[in-house]
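Here it is, the structure in full.
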Amino acid sequence: MTELKVALIGGGFMGRAHSLAYALAPIAAELGVTLHREVLVDATPELAATGAAQLGWNSSETDWRAVIARPDIDIVDICTPPDLHEPIALAAIEAGKHVFCEKPITNHSAEALRMAQQARAAGVVTQVGFNYRHTPAISFTKQLLDSGRLGAPLQFRASYLQESSFNADPNRWRAKKSTGGSGTVGDIGSHIVDAAEWLFGDITQVTARVRAKAPGDGGWATEQERLGEDLIDDGAVWLAEFANGAIGSFSVNSFASGRKNRFHFELDASKGAVEFNWNNREEFRVSYVDEAADHQGFRTVHTNNQHPNGWWRLAGLGTGYVEVSAIQFQEFIRAIVKGERARPDFADAARIQQIVEAVHTSAESGRWVDVPARTREER
Amino acid sequence: MTELKVALIGGGFMGRAHSLAYALAPIAAELGVTLHREVLVDATPELAATGAAQLGWNSSETDWRAVIARPDIDIVDICTPPDLHEPIALAAIEAGKHVFCEKPITNHSAEALRMAQQARAAGVVTQVGFNYRHTPAISFTKQLLDSGRLGAPLQFRASYLQESSFNADPNRWRAKKSTGGSGTVGDIGSHIVDAAEWLFGDITQVTARVRAKAPGDGGWATEQERLGEDLIDDGAVWLAEFANGAIGSFSVNSFASGRKNRFHFELDASKGAVEFNWNNREEFRVSYVDEAADHQGFRTVHTNNQHPNGWWRLAGLGTGYVEVSAIQFQEFIRAIVKGERARPDFADAARIQQIVEAVHTSAESGRWVDVPARTREER
Amino acid sequence: MTELKVALIGGGFMGRAHSLAYALAPIAAELGVTLHREVLVDATPELAATGAAQLGWNSSETDWRAVIARPDIDIVDICTPPDLHEPIALAAIEAGKHVFCEKPITNHSAEALRMAQQARAAGVVTQVGFNYRHTPAISFTKQLLDSGRLGAPLQFRASYLQESSFNADPNRWRAKKSTGGSGTVGDIGSHIVDAAEWLFGDITQVTARVRAKAPGDGGWATEQERLGEDLIDDGAVWLAEFANGAIGSFSVNSFASGRKNRFHFELDASKGAVEFNWNNREEFRVSYVDEAADHQGFRTVHTNNQHPNGWWRLAGLGTGYVEVSAIQFQEFIRAIVKGERARPDFADAARIQQIVEAVHTSAESGRWVDVPARTREER
Amino acid sequence: MTELKVALIGGGFMGRAHSLAYALAPIAAELGVTLHREVLVDATPELAATGAAQLGWNSSETDWRAVIARPDIDIVDICTPPDLHEPIALAAIEAGKHVFCEKPITNHSAEALRMAQQARAAGVVTQVGFNYRHTPAISFTKQLLDSGRLGAPLQFRASYLQESSFNADPNRWRAKKSTGGSGTVGDIGSHIVDAAEWLFGDITQVTARVRAKAPGDGGWATEQERLGEDLIDDGAVWLAEFANGAIGSFSVNSFASGRKNRFHFELDASKGAVEFNWNNREEFRVSYVDEAADHQGFRTVHTNNQHPNGWWRLAGLGTGYVEVSAIQFQEFIRAIVKGERARPDFADAARIQQIVEAVHTSAESGRWVDVPARTREER
């Protein structure tokens, strides 16, 4: 394999982000293959042509089925709204393409599990856009946890906060259940769930409270209104229990004034602790129990090429959104080249969707809800 | 009233902290009364005499009943281990003394409610040592919330983390249920519950997971071990629902490496948000929704005499533990002088104890647990 | 004009960085022109071919003179070591090409001034790689200062610190005066001088102390050793006086343990103050004198598309090194398309080189050294 | 010696601060002596009596000469405006009293040197109120530097910034040269000079620019106006060379919007670096060169009783202004009890005054100005 041709389905915000990331990925590191941004698919010929020109794709199309059918296409990257993910992904899998899909892969875990199963059966590589976990500081945390340097997992505290719903268009697709699906729990909560499971292991149970905002500058809608009017959720809190006994608390809110896409977690383990804040994403913050008594405390390490996927020797040079997204695609391409499983793949994403649904179920039932165990294949 | 004489029961860590705070309180602000650190009570004549000399009390005693019986004593301040709080407090109330009691006022809410009831019946002023809420930044947050400037409460996220249990003496009183009682939930979790209710209003329900640490540098004990061996809790997570519909997530851990007495909360409301971290206790951090589009974000305001209980005109001069404790006593003394209710009083503390117990009950039952509503008198 | 073809001279660290930035620039924003990464020039055919393939250039060459002679090339981008900048730049200017040159454009201000003069005479657009000033937070600061919102400039404090010289190869080109030229003052100090003049106006005088490190883990070499052995400088401090009366203090050090490419400045003006730290480059930090008395303090604004050159609506999405470099090229391309002067151009860079030299001259003479005034054309 | 009686001269802002600190000092740590706050001296009988009652002194007086003459007084603490320091201090020394004096001990180094000389001749212990250096994080830095753990001093960067001159009373004593004397350089700059010499060793030379603010919200006054009208300085920048070859940059400004008494320094040495910010005074921030390659960076250590003068085992409990001031008096009392030299004493303060004057002299002459070397006795 010396070349890989990508078809991008959807030229909106995420399509643009992916285009930027594909532009960087092969320059920033040797991938062992030549990557072609081959074709951009969008709803109309004008949109598709303009998008291809602006976003740097070789050609444009409007019919995603025709593109998937092309034998020269190796990778299908799905950036449509979530309700279109499933048919496109299934068709691409059936055509033997490797598939990158934005999250949520669907708004229904049953669909997601079926997608994962078919991808595995077809032997194609899949990956889902939980981009934040590819930040070098998080990858390094994973290494330290897996190596035992931090000891046994104890507590995970995470939040993902945005102020994006203040003054937002009430008719945007994220605001409607038919398109936006799982609301803040699925949209941003899924990222912190992904980080939690990646780092601390499988979650077995959750309990939750979920809220939708009432119009105007008042408080939350009542639960009667939220469930009766089938409103999308704007905020939530939940607890999780992990298979290894660790416990976690999670919060999301899109009405969090002043919060700038703040994906944040703190984890305590029996030999150390780590903190990560996307707002300072170059900083790996760690504390170890065995430090000298007069030197106990967190150290702030700016990641560089001493850490996984760091591009530069000079720490502090600066890692942005596009750079982390490019790392995500580097991982995906490397998995394809090596014929290995990429992470997080459709199986991981299906599981995250199960947890998102368990949060919603728990909020309605008022009970702890079990998350199904992974099969051996999914692990 | 021109003079107030205080008897301090217990000369340990908290007795020393109170002594420092009493020394500052009347110098830092005009209280309208002369305060006498009259007598220190401790277990033996030697301990009491040494303590009185070191901590600056006029005399020493060993019999707290005798001291309470003295007509010249106006205030009884209880700094003993928690299991002795109730008999001393009830005796002091019966003798018509104003009572300051360290938290938890007891390890059993039923006792606490009885103490609160008797104090109210006796017409004495009581206050409990939830000192952190007296930080000027928190008092100012309370003013802004009450004035409506921040809008309707939406979400409260809080944690109180310490690394104090690493390398701690396993025989310390905090480590035993008979003396330490409610573990981290009661010891440090109670502070964040106090702040939450003070700022966001009454909590109606909680659900929780609670953990005790296994010996060595492994993870948590199993729940079977924790409940079977009646171990004190070392960490917990819980959710809360507030009467006004707001939701909250709470975490405590005494095995949190690198965390230096980190009492921390973030609150989102419909017109703004506030963040507070005791590690930077002079900083009031606030964001408002109605700022100009290119100036949205948190501002960091160092409290000074423009804010409640600020002693100095020069912001950034520095507010420490002893200073905030002194503010606590200034509030207590002012309430006595004015004949008003002090906050948080025994009724508030009883309620916090109810919530602490609800957290434990929920952890055992796996269900949301209701917190009893306050009576009109308790509000 | 609908197309622009770029020739990149030099495929090392900066060549790679420029390649990444060129890949992003036209995707991230509409530039009104199609950009072709046409040819990469490097020392040997192998280096050039490998570089072109890896860094995404259409072809490769070894003879920069031949490339400059090609009529299809519109832009020459110079990423060689500094001692080669001048001949390449002069040839490119003579051939009527627009020239982007990495800093320092030369190690001698007289050369730089001549380069600037010839570029102006030839009517080509030039720009120099003082990339940090293109950070949206800095561009926004510039707007606020120019608009008068911050009042009159008072004091500028800046430092640029790295730990890169610990454990560095003593034979690297930066370590030798013949190639590295102006040491830390020229290499990193020039960036803070650029920011200072861009924001606060022209500098008229400087006074300085400059140091070179002695081998091993001891302190500085003596001045006798530094000057006698013609050592490159590893650290320096200097003061500056601005034409408007403002004053500034500046520090650089490449032996600053723990400092991760920390480009940092604080500026005080008569109606407000701003702080910027490249390590948190998305944060625009500002304080205004006219805020309410209980809300005085810095606010932290994460830049987004409300600010100059912000790509995203969602603040906090993340701005990295490559993204800021891409903004730099967007500015350059826009200037070419519009036929306007780009900033900072060769004239600005020549001036910065004059200040770098004045710092060195002052360190040797022990006196304040005047910086020549700009001509009207250079302003 | 079992008792020490203190006379406090001056009941203003600093008198109140000292009263608070004296109240804490003997409670917070065993001093080996009983301390009596014996008498407060103020300008009128009413002021003195009210002050004594409010600030907790046993008695009040108006005639400082009479108080100094009292044989029962052991310590004279001078908190008057600076122009009265000298006569009171000399009288106290002559009477054989130990003397604590607020800074600046005088506005003239010649006077200060004479005061230091007479104190030494009289064998009394003196100390001057450079309180910040007693912060545990700074004392610990001193220990690490002296032990060699941080290697050889390289660069010191410091600033002390306040916004206190915005909206200040133009008739306050600090604003007039006859009383306020040395302006921001002497008032706040002296603190960072004290820290610099304490940590990095003696300064040998300085060069400076000094500014006074023009009225209104415009910029600085011209140097002609500043010198012609003998205006007090409101801001300055200076460089320093240390005897060991290290270099430093210093900035002060009292028109620094948003700066909350920000005393800040960073120091780089050949094996490590330290940063300190009074706004986060519990944090000792250190980086070491010899850390593992993937763990390079600053660690943040909250001081506790593992560090010099830490009162509490629990780090993060909180250290405020009054607490650090109390540490200052603990050091003074211990020196008296042990019969040792206290630091910083009158000799240290005289030297700081020499440097303050050298800064002013340099600003007028435009030249580097030598600071006299210490005699062996002064070291």
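Which chain is which? They are A, B, C and D, in the order written, and residues in each are numbered from 1.
The rule is short, and it goes like this: a residue touches a chain if its C-beta (ideal position, glycine included) is under 8 Å from a C-beta of that chain, and two chains touch if they have at least 3 such contacts.
A quick map from chain label to UniProt name: A, B, C, D = Predicted dehydrogenase.
All figures in this text were calculated on a predicted structure; none of them were measured in a lab.
Should one ask which of A-D and C-D has more C-beta pairs in contact, the pair is C-D.
In this assembly, the chain whose C-alpha centre lies farthest from chain A is D.
With centres defined as mean CA coordinates, chain D is found 53 Å away from chain A.
One simple way to say how far apart two chains are is to compare their mean CA positions; for chain A and chain C this gives 35 Å. Per-chain Cα centroids separate chain C from chain D by 40 Å. The set of chain B residues that touch two or more partner chains comprises 259-260, 286, 296-298, 302, 315. Remark: chain D residues 140, 286, 293-302, 306-307, 315 touch chain A in the complex.
Only residues 151-155, 157, 159, 161, 163, 166, 207-209, 211, 213, 217-220, 222, 235-239, 241, 244-251, 253, 255-260, 266, 268-273, 286-289, 296-298, 366-368 of chain C touch chain D when the two sit together in their complex. Contact residues of chain C toward chain A in the complex are 16, 19-20, 23-24, 26-28, 30, 54-56, 162, 164, 259-262, 278-282, 302, 312, 314-324.
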